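In the two complexes below, subunit A is the common chain; its partner is subunit B in one and subunit C in the other.
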Partner chain A sequence: MEQADGETIAPSIPTTSYQCQELILFGSLRSEHVENLEARLAGLCDKSCQEFQEHELTCTLRVTPSATSLSSQSNVTVRLRRVFNFDIMNQTANKWHMRYMGMPEPTVKCPVIVRKVIDSVMHSVNMMEFIKALGLRMEYEYITEGKVYTCGKIKIVLNKLKKCESPGRYDVSHVKPFTNAVLVEVSTALPDGVEYMQEAKQLRAFADQLLPLVKMEKIEYWKK
Partner chain B sequence: MYGHGAGGSGYSMGGGGPLGGANLMGRKDKGISVALEPYGEWKIQEIGYDGMEKFIQPESFADHVGKLARKIDWRTLVDSDQSYDNPNLLPEDELPEEEDDEEKLEDETEKEKKEFPPEVGPWHDVAKNLHESLQHINMMLDGLQVMQHLDYLKPLSIGDPIQINEATQEAAVIANNGKAFQWVWKRKALNEVQNAIEASNANRRHLAVGGEASIDETTSLTNLFFREIEELCLQWRIRKTGDHLYGALGYKRYGQRFEPGEIFDITRRSVPINYSDKDGKLQQTILQISVPNDLIRRSKIFVSIFKDDMMSKAIHTSDEANLEYMKVDMKQVDNLYWNDALSWAQETLICRDTFNQLATDAVHLKQRMSSFRDGVLIVALHDDYLLRIELKNYPFKAGDLPDGGDPYLNRALRQMIVNHHAKKVIRSQMFVEMPLTMLNEHLDMRGPNAFTQYEIDERAKRQTCVLEKLLSVASHQRLVKLTVDTLIRYQNECRDPQVKWRWLRCAPTNSQVMIHIVDPHFDFLMGRVTSYLQIDTDCVTLRTKDGKTIDCYRDADRLFNTLKYVNITYFLQAAGTLGKTGWGYHILHGNNNAIDVDGNPAPTLYLCNATSTRALLIQFHTHRNPEINVKKLSDDPNIDHPFIPLNYEKLPGKSFCRKFDNLCAILKD
Partner chain C sequence: MDEGCGCGRVLCAGEVNGRVRREASVHRHKGGERKIPPEVMGVSWVIETERSQNSIEQLIESGGGTKIGLFVVDSSTYRPVDQLANNIGQLNVLHHSNFPESTFSLAVTATNDPKQPPPKSISDRGFDLILSKLSGALQMDSSGKFDASGTEYSFKDFRVRVGTVTQGGSVKGVVVEIEYTPTWVANQASMMLSEFINMFFPEQTASKPEIITKPTSDLYTALDTLNQYQQIFNRLRKKA
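For the complex of A and B:
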């Protein structure tokens, strides 16, 4: 891809295709040390970070187990996100982000998690009815807030997760933090079908610069 | 086997059913002797190879009670916060009552009371400490006795004189080692003492001389160095790798921070140098920086517009003075104050990058002529005008650089470059989880926002190149200048009626001027006529009162004529309104589109007085005074009086409205 000003940028940013492959690493640190991490990120990343507050619902389409396949493999999980805002009149209230994440690729050599991701943005005033009509049932929900940093093509997200004490009520009094920890995600997205090993190494190298504040790991969370 | 059992501690008389049954049977039949034996036999622990059997002795009653007593949790009985181990720790008032709970506790405390002196009285602590000391002394005495009688605890002091005679060879080696060890430590101790004495002597000597100069000097220079490093940190990016301290001159907000070509080294001078600060005071600096050699020069970019004709100066200038910056005196450069040198080097870097970017943009430009030579870039602006961008280098010395080019365009270029680098190329989208993108921010919600393909294409346009923006701004600036000059000329040449203008909007590529035309003495009749001038990047457009637009493009004369035409339109309206409303004249015709013999616009107005005795024909010209003709009207249709032209200058009054008003008054009847 070539910009008008003559700068060339590697064809590694997904632009039009709805499906992309995501390289990601996870880490965690206690919230009292976040300031140190932010200072480190300010030194490493691009100027200015962006704050966010989002609400995620994880919905599953349960499929009755057939003779050939196990039920756990047949279930389809879809993640729904919206900008978390108490103001109903806000324009962003009815905009939703639907995301499907594929199983991570079983690569031993690759130092990061690689998975296929499908993103879609939609607008609806009655999204939950649509979800029900699709046959999806909510598994769990949480609210995440934090900051996003970018360093070129790498995205660093600091998530502070919160839970709703009673489903459907999202007042400040009903939203409590999960833990005293901050979830750190370091990721980069590539167009589908592009060779990812070089990017994965770059991501790993970047993540290693956050040591010893936070150890970014290739967590094999899909292994039960 | 039974013989062993007789030695057991007891029999279980009524315990087991079969044994009990045997006992009763024995009482009834006295003829049968029954032997009473214990049920539980001693357990065999092991049988030796010689047939010897070893038994486990069963527990006695005391053992059994002891075992059960161990299971009791004494702490729960006595409360957890109480201590039964050391009653001295307890408060005095709680002691006696708690002791009653357990016999065992009581026994222990009684024993302790026997050993220790009574707890009452002020000498309790003293007695206790004396008792402890006595115990320690006893222990030490025991130790000494053991050492005295046994060889393996004999102490070997390193300071003792060595008795070679009585020692074996091995003992001599140990002793020699001990001696060497002793020498080393003695020497070290002496060195320590020597250092302390020398330091104190040095201090005394300096005090005697009358200054703490030399010590203070080294410390103050070190402090100065660290203070300057701190100042450097506040303004520049610096980094330390190993013992190497270096910084970056880079100015870009996004992208790599420490580019190899933009790194400067930081070192410490052996001798501090003086420099004068902003207030002119002399200050010391010990920090030395070395910038890349290709940045040891001062640069400036000049942007200007000039007309490409025979009168313009040489486009590309190359004289010997321009090459003066190539002569670099490294000694002089080393003696510069670091902050000045870094600022100049960074400015040079910015200018060089900017110029390179503009030159690259010029290559990509379509349908525009551009040429580059000797650090001068020429790009066609419009018509005969060219945009000249020049990168000028100067020697790396203090002092103000000469001004040049157009100040507005110079600043505009710098602003564009800053904006260009402050823009994030890759950004995060509306939802955090979505991948980073380079697309326009408006396209985040393109699906739900129901954008059409056209809208998507329009919004997805990438940033235009800096040179194109600069050309737009320069072009607009030239048109603004042209408009202002024309308006001033128009105001100077056309005093009647009054023309006022003011800026409605001033933007880099789009401006608007509002023009008022008014006769202050007749504004109660006519009001004021307002028209607008719209200035874009390639055209000046006049929008009249009734909403018609007249394009003047980039032609000053055309704009001037258009303004004049607006002027005579005002006269036409003024004459019609004044004659009709003020004096009851009848308008026979008014032609706004009439032209004169040269083809220039010349509106005409024909009117007669209320009694129809006189007719007036007025023709308005853009470049001269209105022609006023008067004709006598007769009742007889066969008699046609000719038009008599009036001398406009000789009509009474200064303005056209005043002259026309007077004329109407004269010709009223």
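For the complex of A and C:
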């Protein structure tokens, strides 16, 4: 019945297929040990793994509290990703993945982070101007490269983060490794509004199989 | 294409580029209830006319066009909130029933520098949902929503869409979109479109959009069609 309700939305509002609940855990390990983790993942996961190199911009809409708006809205963050080392001929530089992540749900019992995510794939010849026109401002950017593994519904991403020392310049001399660590993310995406506890437990159980190589945690990154 | 692109909806870059069209309807209509071939998109010329929708439909039918269905184009305006009104301009978000999974966004910059092309993008419909999260900057002006809906005709290599434009229930005018499908290079389609317009709408020959007259061989995208619709909606809004 829930689904039927979902479909009665006015036609101008898209269906919720772009919106999902993401269950996620984070961990990190030193890059010299990543080979051991890769070997473990090769044993646990689906056969193929994919390498990636992507450029991410984090943009924020600053909401200034005003007397007229009673609601205490907080700043909104939107992430933009594209393939790094883009191919000018194929215009991959103009293809972006825009992602909105909501605040994590306050679930004490749930063993993983649960947050709402909205994805959109976009093409724009002038994305930076477009972002400005939405009222967004870039906060920071980084390059991430690594590998993605899948194990059924579970996605495992190994990220090596690199910082861009001067904005807008992405050649080798301006891109430096951030730390000597690899950021590990394990996540599952579920349709919006479904019960997630069982999947959360499965994700936790999977993450525990990576011990003692890497400890996956429910990091409360939103607390400063 | 026929086997389904196997691309998964979200990552279909073709759809985002606006060059693979009717992805959804082709899949849906595989049974073939609508006898239209799977096609790539062409180049369109959108006109606003004083004539009634009925009279144009009769004209097209008598000329040999066959009715193939209905079409809808809608345009919503998002206005910046007061605090940001000096920094950003309004954003027009459009949808076209021929590209059911796409959202077309055209921004109007606050500075309005004619040298800078206005910011624009083609995205999937997830962007509409993200936009609703940005209500701290842009809020939908529901009174400014335009809809154009009507009938779509197939006419050899042309597709003709005749629709009535309404704003909040009141009729504002009639638009006709003439699409020449065999090419997506704008200046290749230019002559064919002129000939068609000459034949059916001789009073409109002078209104040829810049995008078609430009001598460059830039590829035409669906965004250029939606931009023409938006220009017409802007004119109709001023006409009041």
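Assorted remarks:
Operating definition for what follows: the second predicted complex is superposed on the first by the 197 of 224 C-alpha atoms of A that agree within 3 Å, B and C clash if a C-alpha of one lies under 4 Å from a C-alpha of the other, contacts with A are read in each partner's own complex, and residues count from 1 in each chain.
Note that a residue touches a chain if its C-beta (ideal position, glycine included) is under 8 Å from a C-beta of that chain, and two chains touch if they have at least 3 such contacts.
Bear in mind that the values here come from a model prediction, so they are computed numbers and not experimental data.
Once the two complexes are laid over each other on the shared chain, residue contacts for A:Q50 go to subunit B alone; subunit C is not touched. Using the contact criterion defined above for the overlaid structures, shared-chain residue A:G135 touches subunit C, although it does not reach subunit B.
Residue contacts after overlaying the shared chain place A:K95 against subunit B and subunit C alike. With both structures placed on the common chain, the touch criterion links A:L211 to neither subunit B nor subunit C. Of the two partner chains placed by superposition, subunit B and subunit C are both touched by A:V121. Looking at the shared chain after the overlay, A:R81 reaches subunit B, while subunit C stays out of its contact range. Judged by the touch definition given at the top, the superposed model places A:K155 against subunit B, while subunit C stays out of reach.
Once the two complexes are overlaid on the shared chain, A:A42 sits clear of subunit B and of subunit C alike. Common to the subunit B and subunit C interfaces on subunit A are residues 13-15, 95, 119-123.
Partner subunit A is touched in their complex by these residues of subunit B: 253-255, 357, 360-361, 364, 420, 424-428, 430-439, 444-445, 447-449, 462-466. Here subunit A touches subunit C in the complex through residues 12-15, 17-19, 61, 63-64, 66, 68, 73, 76, 78, 95, 98, 100, 118-127, 129-130, 132-136, going by the rule given at the top. The part of subunit A that touches subunit B in the complex is made up of residues 1, 3-7, 9, 13-15, 20, 22, 46-48, 50, 52, 54, 79, 81, 83, 92, 95, 97, 99, 117, 119-123, 144, 148, 150, 152-153, 155, 157, 188-189.
Within the complex formed with subunit A, the residues of subunit C that make contact are 9-13, 16-18, 74, 76, 80, 82-84, 87-89, 91, 95, 105, 107, 109, 116-117, 119-131, 133-134, 136-138.
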